Amino acid sequence: MQVAVIGLGNMGSPIAVNLARAGHSVRVWNRSRDKARAAVEAGATLAPTPRAAAEGSSVVFTMVADDTALDAVLAGDDGLYAGLGAGAVHVSLSTIAVATAECVAAGHAARGQRLVCAPVFGRPEAAAAAKLYVVAAGAAADVQAAQPALLAIGQRVFVVGERPADACLVKLCGNFMILAAVETMAEAMALAAKGGVDPAALLEVLTGSLFDSPIYRNYGRIVLEERYRPAGFVAPLGLKDMRLVAQSAETLRVPMPVLGVLRDHLLQTVATRGADADWSEIARVVADNAGLANRGS
Amino acid sequence: MQVAVIGLGNMGSPIAVNLARAGHSVRVWNRSRDKARAAVEAGATLAPTPRAAAEGSSVVFTMVADDTALDAVLAGDDGLYAGLGAGAVHVSLSTIAVATAECVAAGHAARGQRLVCAPVFGRPEAAAAAKLYVVAAGAAADVQAAQPALLAIGQRVFVVGERPADACLVKLCGNFMILAAVETMAEAMALAAKGGVDPAALLEVLTGSLFDSPIYRNYGRIVLEERYRPAGFVAPLGLKDMRLVAQSAETLRVPMPVLGVLRDHLLQTVATRGADADWSEIARVVADNAGLANRGS
Amino acid sequence: MQVAVIGLGNMGSPIAVNLARAGHSVRVWNRSRDKARAAVEAGATLAPTPRAAAEGSSVVFTMVADDTALDAVLAGDDGLYAGLGAGAVHVSLSTIAVATAECVAAGHAARGQRLVCAPVFGRPEAAAAAKLYVVAAGAAADVQAAQPALLAIGQRVFVVGERPADACLVKLCGNFMILAAVETMAEAMALAAKGGVDPAALLEVLTGSLFDSPIYRNYGRIVLEERYRPAGFVAPLGLKDMRLVAQSAETLRVPMPVLGVLRDHLLQTVATRGADADWSEIARVVADNAGLANRGS
Amino acid sequence: MQVAVIGLGNMGSPIAVNLARAGHSVRVWNRSRDKARAAVEAGATLAPTPRAAAEGSSVVFTMVADDTALDAVLAGDDGLYAGLGAGAVHVSLSTIAVATAECVAAGHAARGQRLVCAPVFGRPEAAAAAKLYVVAAGAAADVQAAQPALLAIGQRVFVVGERPADACLVKLCGNFMILAAVETMAEAMALAAKGGVDPAALLEVLTGSLFDSPIYRNYGRIVLEERYRPAGFVAPLGLKDMRLVAQSAETLRVPMPVLGVLRDHLLQTVATRGADADWSEIARVVADNAGLANRGS
């Protein structure tokens, strides 16, 4: 299958590599060309523009930083809108706002084009191992068309609705829940630590019984060992995601008090620990607020 | 082994039954005698007082409603303090305050007696199936002495510290995390529902990927189907537990903003839905606050 | 002085009337012309476009619903940018985002024009009585030039900075504080009411001692008597203002947990009581959540 | 009138002095006798026990640190219960829990004695100037009997109910509202400061318009100038008061989300700034969390 990947950051790059390895014919594009090396080494071809990457492709993935970056690769003479064929499907992998997804869906529809939103759960290591969880939404036929390519990058594809934006809402809910789990663990660990109980013992109980799941195991270890740097997902991006959740919550009139806690702690993280902090570093802020010294130091 | 079980509520009763079935010689006591039937049918003997239940027992379990009830079975001529032998171990299974555990530990120590705190995770069905998770703390020899009895009631025993109160703090942390997970799911599901996404699809994504653990599966289903009644654990008891967490947080100077959200939602649950509501019914309050109609109706 | 007023809602209309009564020569414009009646009866002239209203005026007030409406009256051939003279000052009275104010300031500067932001505190009755509090910011000479007109509409003019956007930030802070005072009173009154203490007695103590100020007296009475309708300031507009505060808080990295409470309660107000609710109706939501029946019913 | 004052801390001492100056015959008692000097110099007599202070007095004031201290001066052979005459009135000036007030009321009633709760608003300077605001509750005749003495220590007496505990609930509500006002100002000032607006300008707008009341003027200045030490009211005592509010909120089933914010910030204050911090120092914590450097340093 002819596949394009637009956006070769620390997620897009391993995705392109896995597509090439799976035997697909892959064209890639990235704003700065030097990020394309790994993909090219795996057999992908570098296209000069998003349009050129899209022309002739059956599936075009976009994996870009945010809503603005997505608009940028879509628009203009060199853009994806101009290059996407009638039978092709644009599969947006980025975590974007529900409103943006609706807007892009309308943009494609006006051109007789097809869109699937398919944001993914997983950090760069999961992308490299083709172990992403893919959350897809769109017309059934469009999702069907994208399946072979999606299966090359993830361990499982969940189909959550027929409107592309549905997948974005589910993905945003998921990111909210991940960070809420980190916050909750951090509050409990701070309490245990100040009470003289080893947080490692607490974590073992949790992940050994009722919270035996990847999020609690992985983030629990990060929080326990305070292994926040280098960041896997920087706090300003986490803040962006939580803002997208909040925008949907405001539009849909849904009070979400835990979301408020998360946003405040992300703001404190960036304000006091810097813009290069990991989003899970809200756990360090929770410890700071309790007067706990850094365990790592 | 000669074992006593004091307190035969919906947790204590199946625990006593399992001890009898495991071949231990069991004596039981409960304030109202009619609750003892299941245990007696399983082979346990009904004792006239806590003291009588304790005398001659190697291990004495207490599983009572709250700190006050524990004090009541300990004190007085008919109480556990009076009946517990020098070599015997009192194993407190209830979820009690850290301060209460310290107080009871001191009470036993002053009498040359031994205490293990071993609160459990699991609802009555888990107790009946001997699948509880036991969180134990106390002097190593005392925990060791209690092990055979603990293994008869649970699927796993975690030892978290040498001070009995350590287990209480871990248990309180766990209960806080369970309710936080319910709150978080409820906020996400309310957002999905108002956004036109099937909450069942959201839940399937979560429990099929990053949140593949018992808490999210079981409570997720309860929240999804709004199966709150009859309550497995009533909101006022949940409120009591969260108050115990808050007492430790205040004593230890640990800000816990998510805990504040949980307490407010439990208060709203009791105020607007009644004292017989399940503690997970905070999820219905989250939906109410978003203006969502009851799915079950 | 030749003065223009663009936007004749329930604030702009009495402002135009007061300017005419103070002897200024007033031109007015509004999207729907029927709102202009009161101003015209007071002596103002109806202009066909914002541009026509602005041409020849020394001071041009804008008092429109939101940032989008402000952009609309500024732009285009018929807009304010096209009509504002070199020596004239645009005085923006609306509560707008800091970022919007910066944007408009840049727009004027690029055209060699002058901007003062001067949002006001006070409800329509205060506007009618020329008792508004005006919060102004801009170059000293520009604020000076606008003073005579500002004094005709308000009881006091506060100058808070040299950048026009400074006034917007102060105004947003003020609106946040007003709603926070309402929330706080509502929580205290709900506690008093459920405790069997007359909330009127509580209010008398507060406003008779440490909280002897207009906000507590006026909103205290509204909350006490549950006189929310017809709305003086609808909840969706309050929500918009709190969103503008939150945008600044996010840009500036300032955690504001009380703001989170206010936003959630406004969302609940709109979700459960309708889009025509007053913003102070968050107090009714606080009472609902405590299970308190409506006092007014 | 024969008046006793039990408890001569930084509030009780000036109260005793004012009573003596107003011409009353005053007997005083304090746990450590050296605190009695100012009162004795003003003409008061030092009594050897609370009982001795009470015997023969028409009105007996107690002004002690907390509920436990109140119980201590009431009980025993040397206590107030033993010394209070049938016609005399015990006037409790301390801020105590509603439940404690009910308990003490029952204790007096069982002895045919009379109780008025009359907690006061005002810092030590207000006590010295006899400018306290007194919030009284009790049987009408009892409050009447205490009036002459109350008028000697305060500028105004509010009667809020016939049950003594009513005054405690109102007082707790007031303390909650004071600290909420501090928190709110602190959040707004942090936003202004990081946005480049002089917080002094913001404060001038607020106190010059809608928030023209003692709380905003006095605490606003403290926050602005960061004049927290020496503490007028230490954070642990503020925490105690907020806990009493929370106890009533829990008993009465009233969600109070702003209260949760205040408690968390008081905990952070004590954890990171020490137990000698002023309760208004939560404003410094708000600034810390926003990454703002100390203005005073």
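For reference, chains read A, B, C and D in written order, and residue numbers begin at 1 within each chain.
What we mean here is this: a residue touches a chain if its C-beta (ideal position, glycine included) is under 8 Å from a C-beta of that chain, and two chains touch if they have at least 3 such contacts.
Keep in mind that this is a model prediction, so the values were computed, not measured.
Undergrad: Starting from the Cα centroid of subunit B, hunt down the chain whose centroid lies farthest away.
TA: C
Undergrad: Considering A-B alongside A-C, which chain pair is linked by more C-beta pairs in contact?
TA: When A-B is set beside A-C, the one with more contacts is A-B.
Undergrad: Same or different interface residues for subunit B and subunit C, judged by whether over half of the residue numbers are used by both?
TA: same
Undergrad: Report, in whole Å, the distance between the mean C-alpha point of subunit B and the mean C-alpha point of subunit C.
TA: Measuring from centre to centre gives 52 Å for this pair.
Undergrad: Measuring from the mean C-alpha position of subunit A to the mean C-alpha position of subunit C, what distance in angstrom results?
TA: 39
Undergrad: I'd like the Å distance between the centres of subunit A and subunit B, where a centre is the mean of that chain's Cα atoms.
TA: Computed value for the inter-centroid distance: 37 Å.
Undergrad: For subunit C, what residues touch not just one other chain but two or more?
TA: Those would be 249, 253-257, 261, 264, 267-268, 271, 289-291.
Undergrad: Would you tell me which residues of subunit D are touching subunit C in their complex?
TA: Per the stated touch rule, the residues are 98, 121, 133, 135, 156, 158, 160-161, 163, 166, 169-170, 173-174, 176-178, 180-181, 183-185, 187-188, 190-192, 194-198, 201-202, 204-206, 208-216, 245, 248-249, 252-259, 261, 264, 286, 289-291.
Undergrad: Which part of subunit D faces subunit A closely enough to touch in the complex?
TA: 257, 264, 267-268, 271-272, 288-291
Undergrad: Which residues of subunit D touch subunit B in their complex?
TA: Those residues of subunit D that touch subunit B are 239, 243, 246, 249-250, 253-257, 260-261, 263-265, 267-268, 270-271.
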